[in-house]
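Each of the next two complexes has chain A plus one more chain, namely chain B in the first and chain C in the second.
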Partner chain A sequence: QVQLVVPMAVIFGPGSVPGDLPRSLPFRDVQEMEISVNLRTSVTSRYEMRYRSTTGQEEAALAAATAREADAALHPLQDTTLGSLTMYVVPETSSLLPQGINVYVGRHRSALVRAVGSLAALQARLREVTQLMSFTASSIAAALSDRVPDGQLSPDARRYLKSSLGYEITFSLLNPDPKSHTVDWDIEGAVNCYVKPVLDKLSLVANFSVDSQILYYAVLGVTPRYDKESSSFLLSAHSLPHVINPVEARLGSSAASLYPVLNFLLYVPERSHSPLYIQDKDGAPVSTNAFHSPRWGGIMVYNVEAPASPQASLPLHVDVDMARVMEVFLAQLRLLFGLSREEVPPEFLLEGPGNEGLADWELDHLLWAHTVENIATVSTTLTSLAQLLDKIGNIVIKDDVASEVYWAVASVQSAVTKLSLGHLQAAFQASKEAVTSSERAFFDPSLLHLLYFPDDQKFAIYIPLFLPMAVPILLSLARIVRETRLRKKEPTKMD
Partner chain B sequence: FQDQAEQFFRSGHTNNWAVLVCTSRFWFNYRHVANTLSVYRSVKRLGIPDSHIVLMLADDMACNPRNPKPATVFSHKNMELNVYGDDVEVDYRSYEVTVENFLRVLTGRIPPSTPRSKRLLSDDRSNILIYMTGHGGNGFLKFQDSEEITNVELADAFEQMWQKRRYNELLFIIDTCQGASMYERFYSPNIMALASSQVGEDSLSHQPDLGIGVHLMDRYTFYVLEFLEEIHPASQTNMNDLFQVCPKSLCVSTPGHRTDLFQRDPQKVLITDFFGSVRKVEITRETLSLDRDVAGFESKFPEEELATEPLKYAEQLPVAQIIHQKPKQKDWHPPGGFILGLWALIIMVFFKTYGIKHMKHVF
Partner chain C sequence: GGMAAALLLLLLLLVAAGPGPGRADAGREQRDALREELLLSPLPTGDVAATFQFRTRWDADLQRGSVSHYRLFPKALGRLVAALGVRELHLALTQGFWRTRYWGQPPLQAPAGAELWVWFQPTVTDVDKAWKELSNILSGIFCASLNFIDSTNTVIPTASFKPLGLANGTDHHLLRYAVLPREVVCTENLTPWKKLLPCGSKAGLAVLLKAERLFHSSYHSQAVHIRPVCRDASCLAVSWELRQTLTVVFDFFSSGQGKKDWSLFKMFSRTLTDTCPLASQSKVYVDISPKNKEKELLEVSPPPTSLHEAVVQGDKKTYAVYDLLSPSLFNTSRSLNVQLKWQRPQDSSEMPIPTLHAQRYVGGYGLQTGEICTLIYNTHPYRAFPVILLETVPWYLRLYVHTLTIITKGKENKPSYIHYQPAQDRRRPHLLEMLIQLPANSVTKITIQFERALLKWTEYPPDPNHGFYVGSSVLSALVPSVTAMKDMDVEQSPLFTSLFPSSDGSSYFVRLYTEPLLVNLPTPDFSMPYNVICLTCTVVAVCYGSFYNLLTRTFHVEEPSRGGLAKRLANVIRKFRGVPPL
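Moving on, here comes the complex of A and B:
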C-alpha cells in the first residue's frame, strides 16, 4: 500500500486567525484521504499540517504591495524541500490579493490564501489549493492508468507522456517552398536562451537531449481551403490528424537512443498557401496557430507577411522570431507532460512560471505522478517476472539478473518508505532506480521462454526415441532376474 | 463535429505499429513475400512510417537469381503492381527471420546491441498489427523450412506483451493453411484475430504468372488488398467489413476471425485504427510568456569537457599470443547420463549373450 505524505505549513498572518481553533497556535493536524484506483489498489494521501503564526520577517514580507512581491520576499523564508507546501493566510480584507481572488499561487511552493470565517471553511479552501499544487485523485488515477478499469478513466488521462528515464526533443523547420522563402532560424541561440532553463528545471525528472534539423520540400498531407472572407487559407480541425503522417516519414528518428522522441515542427507555408491559419471546431482561427498530438509533439504554422511590393525578388528572407515560436513550443511541452492550467477555479490566481517554464509546485506535481507510476510499474514487472519463472520451472536465472531483481525490490521498498515520510525527491530517485533495475531484469535476453523446454516437451521428444530401444534391454533384464531367482531356488530343491 | 471529437478519444491508442512476417524461403514461395510486401505497402500508404514497421522477409525474391524481372516483386499478373518499390525497408532479412528473433521482437527481450529499426518500441497506447504468412499446419507455422512456432508459444508471447503493457490493442492476421489453429490458444485481452482458413482447410494461392513462373499472391491476402486499396486515411470503414472479405466462393477456404478477447465492438473499430496511423490531435490554446531580454543562460549543470584521448584500435589479432599459447587444461568431468546408459546397455547385451557366469572371470 502506498501512502503519499505531504508536509504542509499553514501560517496565519496577523488578523487572519479564525475564531474556532481547537487549540492555540502552534499545533499540528493530520488529514488522510483514500484514493481508490480499483478494487484491490488504493493510495492514501496524508497531509501533515503545522499551524503557526507569522514571524516578524514573514509579517514584513506580507506587508508588500502586490502578491508577487510578497511571494518573492517570502521565498527565502520557506521550507524548500521537494513535496512540501507552505500556505500563508492573509486577512479577509487584505488588499494583497486582488478583488475577487481568494488564492494566489506563486512560482515556488507557496500560496497566499484569503482567510474565511471558520476553520472548517478555511480547511476546505486549503484542501483545494493543496490538491492543485500536489496531486489530485484523477492525477494519481492517470498515473496508474493501466490498473484502472477502462470505463472509468477520463480520456485526458491517456495522453500524458509516460514516465521515462530520458526524452529526446527534436526541433524541425519545414520549408516546403525554398524558392520563395529563405528561412533563417537561430535555433541554437533559442535553445540556449529559452529551452535550456526549462530543461534544467526538468532535469530532476529525466535526461533530455535536444537536436534540430531543417527539412526542405516537406509538405503537409492536407490541402488547405481558401476562405474568401478572411482571404486566407484555413486548415480545419478535423483534417489535422492527417497532417502529421506524411511528414513523420521524413523526420527521421535517432538511431542511437531508445528514449521517446518529442518532435516540434515549425512549418512555414508556401507562398501560394499563405497566410495559413488553423481553424477551431467553432470556425475561429486559433490564436497560437499551433496544435499538438499526445505523446508525439507539436506543430506550429509560422506565417510570413506578404512582401510590401509585389515585385520583391524571390526568395524572401525570413528571420524567424524565435521567442514567439518558443513560447508556443514550450507551452506544448508543458501540455505533453500534463502540466495544464485549464481546470483552475476562477477565484485562483496562478503566477506565470516565466522563463523557467514551470513552477516548483508543478515540478512536484510531475514528481508525485511519476513516482507513483514508477512504483506501480515496478510491482507489475516483478510480479509478471515471477509468474513467468513459476510457469517455466527450469529457466536459468543469471547472477546479474538476480541481483537486479533484488536491487529493484530494495529500491521500491525504499521508495514507498520515503513517500510515507514525505521525502519526495529521495522517493523519486529510488523509484527511478527501481524501474531501471526491474526493466533490465525483465527484458534480459536470456529469459526468453522459447529457450527453455517445459518438462512435458522433453518427455514428448525423448520417449519415442528411447522407448523402442529400451524394450529389448528391459526384457533382457527381466530374464536375467528370473534366471537368477530360479538358480537360487535350485540348490534348495536338490537338497 | 461533436461525434468526431468523441471519436478522437474512442480508441485509446496514440501510435501504431506493424510487424509483418514472411516465413517461407525458396523461389517457389514467391507469393508469401508478395503477400507481406502488399500489406507493407498498404500500411505505409495509410500512414504508418517505416520507423514503426518491423518487416521480416525470409528470402529475397526481388534479387533472386531466378527472378526474370530483377528488383521487382509483383502482386498481380500482367505485372501491374510492383510492391517492392524503391523505398522498402526490410528489418530482418533472410536467415535473421527465425522463431527466436520473432519472439524476441514481440517480447522485447532483445540484446542491447540491436539497432532501433529492429525493435518493437511500443508502449501501452500502441495498436499493433501483426501479419504472418507462410506454410502452416494445425497449431504451428513453419519458419524457414527448418523450425516452427506453435500456437502455444505465440499465445505465451502475447501474454508477455500484455503483462508489460506493450500494446493497447492487437490485430493478428494470418494467411496460411489451417490458419485458425494459430489463434485458438490466445488468452490475453484486447486481441482480435483473423485467419484465412479454418482447421483442416488449405489456403489457396490466387493466380500464377506465366512470365515469372510462380504463383504471385494468396487468395485471402489478394482480396484483403483489394479491400484495403479503397481505404484512405480518413475512411470510416469498420472491422465488420474486413470480416466479410473473401467469402468461400472467392477464397475456397473459409476465413475465420476471433473477437471474444477484444473489448470494443468490432462494428466500432475502424480499419485505420490498425492499418493506418491517425493521430489524436489537440489545439494548443496556451502559451508560455517568456521574458525576451535574456542574456546568456548559466546552466546549473554545466557540461564538462571531458579530456578525450585520441582513439585507437584495439589489438584485433594478437598473433604472438595465439602462437605461444599452451593448450588449455580442460577439467575432467565424469561421463554423463547418456554415455553411462550406453555403456550399461552394451554390458547388458554382452552378458546376456555370453551368460552371467562369465562375470566371475571379470572380477
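Moving on, here comes the complex of A and C:
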C-alpha cells in the first residue's frame, strides 16, 4: 500500500485567520484522500498541514507591492526540500493578488491564497492548490496507466512519457528539397540558450542527452492537399498519423543507448509544396503549425517565405528563426512530460517559469508521478520474474541475479517508506535504483526461458517407448472392463 | 582621447563577438564537405569494375567535447565513434571474390563475407568490451550478422593492419580484427549503407545504386571507413573522414552476347541526371588507358570534361573525367550516360599479370589431417620485396607449426619475422603472421598441416555438411613501382588513390586477400540419438509387452470350440446355400 505524504505549511497573514479555527494557532492537521486506480490498487495521499501565523520577516515580505515580488522575498524563508509546500493565506481584501484572482502560484514551492470566511471553504481552496502543485488523481492514474482499465484512462494519460532513467532528445531538421533551399539553423546556440536550462533543472529526474542532425530528401508520408482559396497546401488533422512513419526510417535510432528517444522535427516543406499549413479537426489552421505525437515527439512545419522575384537564384538561403521554433518544441517537451498548464481554473494565476523553463513545484509534480510509476514498474517486473520462475522449476538463478532482486525489493520498500515520510527526493532515488536492479535481473541473459528444455517435449521424445508400452496396458484394461460388464450381466441371466 | 576611443571600440567588438543565438551562424562556414566519385575501369577479361566512393569530411573532433550536432556526417556512426572511443573503423561486406590474377590489382579489395577492423583510442580501458559492443551495434546498423564476432574469430594482428589515418601510437593491443567468411551480403545490407549518404539514393551518383543491378554482378563489396585525418597541411587539428565505398564488377562478355561494350545505363539501368546539391565535388572517372600495342586511348562518349593522368598502383593511367558540377555537362543533354564501344576486337592474349597475386587451397585427403597451401607470386622481373602474410585459422583446425614450410624456387625461405599465437579451444583462433621476402619473378609456396577437431554436437552450424569456412589470408606489401609516382595532395587527388597512404615514389601499398577456404569437418549423423532412442524404446516396449502378457494372462485348458475361422466361413456359406451347418 503506497502512501504519499505531502508536508505542507499553511501560514496565515495578519487579518486572514478564519473565525472558526478549532484550535488556536499553531496547530497540526492531517487530511487524507484515497486515489483508487483499479479494484485492487489504490494510493492514499496524506497532507500533513501545519497551521501557523506569519513571522515578522514573512509579514514584511508579504507587504510587497506585487505577488511576484512577495514570492521572491518569501523564497529564502521557506522549507525548500522537494515535495514540501508552503501556502500563505492573505486577507480577503489584499491588493497583492489582482482582481478576480484567488490563488497565485509562484516559481518555487509556495502559493499565495486569498482568505475566505470559513475554514472549510479555505481548506477546499487549499486542496485545489496543493493538488495542482503536487499530484492529482489523474496524474497518479496516468503514472499507473498500465494498471488502469482501458476505458477509464483519459487520452492525455497516454501522452506522457514513461518514466525512464534517461532520455535522448534529438532535433532533426528535415530538408526534403536541398536544391531549392539551403537551410541553416543555429541549433547549438538554441540548445544552449533554451533547452539546456530546462534540462539542467530536469537532471534531477533523469539523464538527458541532446543531439541534432540534418536530414536531406526526407519527405513526409502524406501529399498535402492544395487549397485554391489561400493558395497554400494543407495537411489535415486526420492525415497526420501517416506523416511520421516514412520519416522515422531515416531518423536513425539511438544505437549507443537504451533510453527512449524524443524526436523534434523541423520540416521545411519543398518548394513545390509551400506554404504548408496544418489544419486541426475543425479545418482551421493551427497557429503554431506544429503537432505532437504521444510518447514520440513533435513536428513543426517551417514555411520559407517565397522570394520576391520568382527568378531569384536557387537555392534559397534560409536562416531558421530558432526562438520561434524552440518556443514550440519546449511547449511540446513540457506536454510530453505532463507539465502542461492548460487545465487551470480561471481564478488561479501561475507565475511564468522564467529562464529555467520550469518552476520548482512542476519538478515536484514530475517527481511524484515518476516515483509512483517506478514503484509500479518494479512491482510489475518482479511479479513477471516470479511468474517465470514458477513456470520453469529447474531454472538457475545466479548469485548476482539474486542479489539484484534482493536489492530491488529493498530499494522499493525504502522508496515506499520514504514516500510515507514525505521525503520525495530520497524516495525517487530509491525507486530509480529499484528500477535499475529489477530490470537488470529481469533481462539477465541467463534467465531466458528458451534456454530451458520444456517438459512436454521430453515426453514427445519418449513416445516411441510409451506408445508401445501403453498398448498392452490399454488392451488389458479394455478386457477388464469387458469382463466386469459380462460378470454384471451374468447374474441377471442366472436369475 | 584616441586611446580611450580605441579601448571603447575594442570593448564594443568584444560584446559584439559574444555568443548569441541567431548571430553566430551569420558568417559560419560549412565545416563538413562531401565528395563523391565513381571510377569505371574496364578489366582485362572484359568485365567492368565500378567503384563508388563517397567521402564526408568533418572538421570537428568527434572525441573531444560533446559534439552532437550533425549535418552531413551520419549521426548513428558519429555517436558510435564518440561513445565507444573508436579511432579508426573499417567495415567491409563483400559478396564474391576479386580475382586479382585476371582482374588486376583492385583499388580496394575486401575478403568474401564481412570484415571488421577497428583501432580504439588509448583511453579505452576495456578494449574487448568496447569491441563486443561495437560489433553488436554495427550489426544493428547494417543488418549484418556482425554480432557473431566473438573471441573465437577475433585476432590482434601485430603487423598487418596499421592505422590508415592520423595516429600517434600504434600499440596493437588497441586493434581488433575479425572476418566472418560465411556472411551473405544482400540488399538488406545495402539499404542502411545508402541511408548513411547525405543525399540518400535520391540525387547524385547514388541514384545508380539500384539493388537489383548491383547484386546481379560477379563481385559486390561495400565498405565503410572512418578515420581521423589532418585538417590541413600543418596538421594541428583533426578532422574526421567517413568513406563509403562500393565496388561492383559486371560481367558484360557473357551477359552481353559476347560484346564487351558497356554504358552506365546497361550497368545500372539508370543514367545520371542531376547532382547531389550537398556535394562539393562529384566526378566520374573512366579508365581509358591504352590496352593495345598501338597505345591508343579508349574512346568514350560523350566527350569527357577533362583528362586526368596519374600513376596508380605502379601503372601510368589515363582517366576521362566527367565533372558533374561543371555547368556545361548537363547543358547539352539532360542526362549523362557514359558509354564505351570497342573499336576493334580485342586480343585477350595480352593480359597484364599483376606484380603480386596469391592463391590458396586446402590439400590432403581424408577427414583427419589436411594442409593449407598458399602460393604467392611475385612477377616483377628484377625486384624482390617483402610481404606480410596474416593467416587466421579457427581453433577447430589444429595447426602444426612444425610442419610450416616456405619454399621459393626449390629452396627454403626463412621468414624474417614470425608471430604465432596458438588457438585455445572455443576461446581464440590461430594467428600466424609472417614477413616473407619474395625474390624477383618467383613463386613462394607456404604449407602448413592441420588436424580436424571434433566439435560438440551443439557447436555445429545449420547445414554442417556444407563445410566450415576459413577466412581469407591477408597479404600486405609495399610493391615496387615500375613508373615513378609523384606525391599528390590528398585533398586534390581523386578519392580512389587516397585511402592508403603512399610511402614514397618508388613503391605502392597493396593489400590482397586470398580465397576463403571451405573445409569439411567430420560431421556426425545428427539423427543418430533419436534413432537410438527409437530403436531401444521399441525393443524395450516389445520385451515389456511380452513380459506383461506372460505375467497377466491366465492360462486354462479350453474345450475345442466351434472351430476355426475356416469352419465359421464355411458355415456362413452353407447358410446362404440353405444347407445345414457343419
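To be clear about the criterion, the second predicted complex is superposed on the first by the 449 of 495 C-alpha atoms of A that agree within 3 Å, B and C clash if a C-alpha of one lies under 4 Å from a C-alpha of the other, contacts with A are read in each partner's own complex, and residues count from 1 in each chain.
In this text, a contact is a pair of C-beta atoms (placed from the backbone, for glycine too) under 8 Å apart; a residue touches a chain by one contact, two chains touch by 3 or more.
Note that the structure is predicted; figures quoted are calculated from it, not measured.
Asker: Look at A:Arg23 in the shared chain and tell me whether it touches chain B only, chain C only, both, or neither; answer first, second, both or neither.
Answerer: Neither partner.
Asker: Among the partners chain B and chain C, which is in contact with a greater number of residues of chain A?
Answerer: B
Asker: Considering only the touch criterion stated at the top, classify A:Ile244 as touching first (chain B), second (chain C), both, or neither.
Answerer: first
Asker: Under the stated touch criterion, which partner chain does A:Ile214 make contact with: chain B (first), chain C (second), both, or neither?
Answerer: A:Ile214 sits against chain C, while chain B stays out of touch.
Asker: Could you say whether A:Glu188 touches chain B, chain C, both of them, or neither, answering first, second, both or neither?
Answerer: It touches chain C, and chain B stays clear.
Asker: Of the partners chain B and chain C, which touch A:Val471 in the superposed model: first, second, both, neither?
Answerer: In the superposed model, A:Val471 contacts chain C only, not chain B.
Asker: Contacts for A:Lys228 in the overlay, against chain B (first) and chain C (second): which applies, first, second, both or neither?
Answerer: Touch partners of A:Lys228: none, neither chain B nor chain C.
Asker: Touching A:Ala323 in the superposition: chain B (first), chain C (second), both, neither?
Answerer: Both partners.
Asker: State which residues of chain A lie in both footprints, the one left by chain B and the one left by chain C.
Answerer: In chain A, residues 192-194, 249, 253-257, 323, 473, 476 are touched by chain B and also by chain C.
Asker: Which of the residues in chain C end up touching chain A in this complex?
Answerer: Touch list, chain C to chain A: 19-26, 28, 68-72, 74-76, 79-80, 83-84, 137, 140-141, 195, 198-200, 202-203, 274, 277-278, 530, 533-534, 537-538, 540-542, 544-545, 548-549, 552.
Asker: Under the touch definition given earlier, write down the residues of chain A that touch chain C in their complex.
Answerer: 170, 178-179, 182, 184-194, 209-214, 216-217, 249-250, 252-257, 315, 319, 321-323, 461-462, 464-465, 467-469, 471-473, 476
Asker: Could you please specify the touching residues of chain B with respect to chain A in the complex?
Answerer: Of all residues in chain B, those touching chain A are 1, 4-5, 8-9, 12, 14-15, 44, 47-51, 99-100, 103-104, 107-111, 115-117, 119, 121, 123-125, 153, 156-157, 160, 163-165, 233-234, 263, 276-292, 294, 296-297, 299-301, 345, 348-349, 351-352, 356.
Asker: Going by the contact rule at the top, pick out the chain A residues touching chain B in the complex.
Answerer: Listed in rising order, the residues are 145-146, 150, 155, 158-159, 162, 192-194, 196-197, 200, 203, 221, 237-238, 240-246, 248-249, 253-258, 260, 278, 280-281, 286-288, 290-296, 298, 300, 323, 326-328, 330-332, 334-335, 340-342, 352-355, 357, 380-381, 384, 387-388, 442-445, 447-451, 473, 476-477, 479-480, 483-484.
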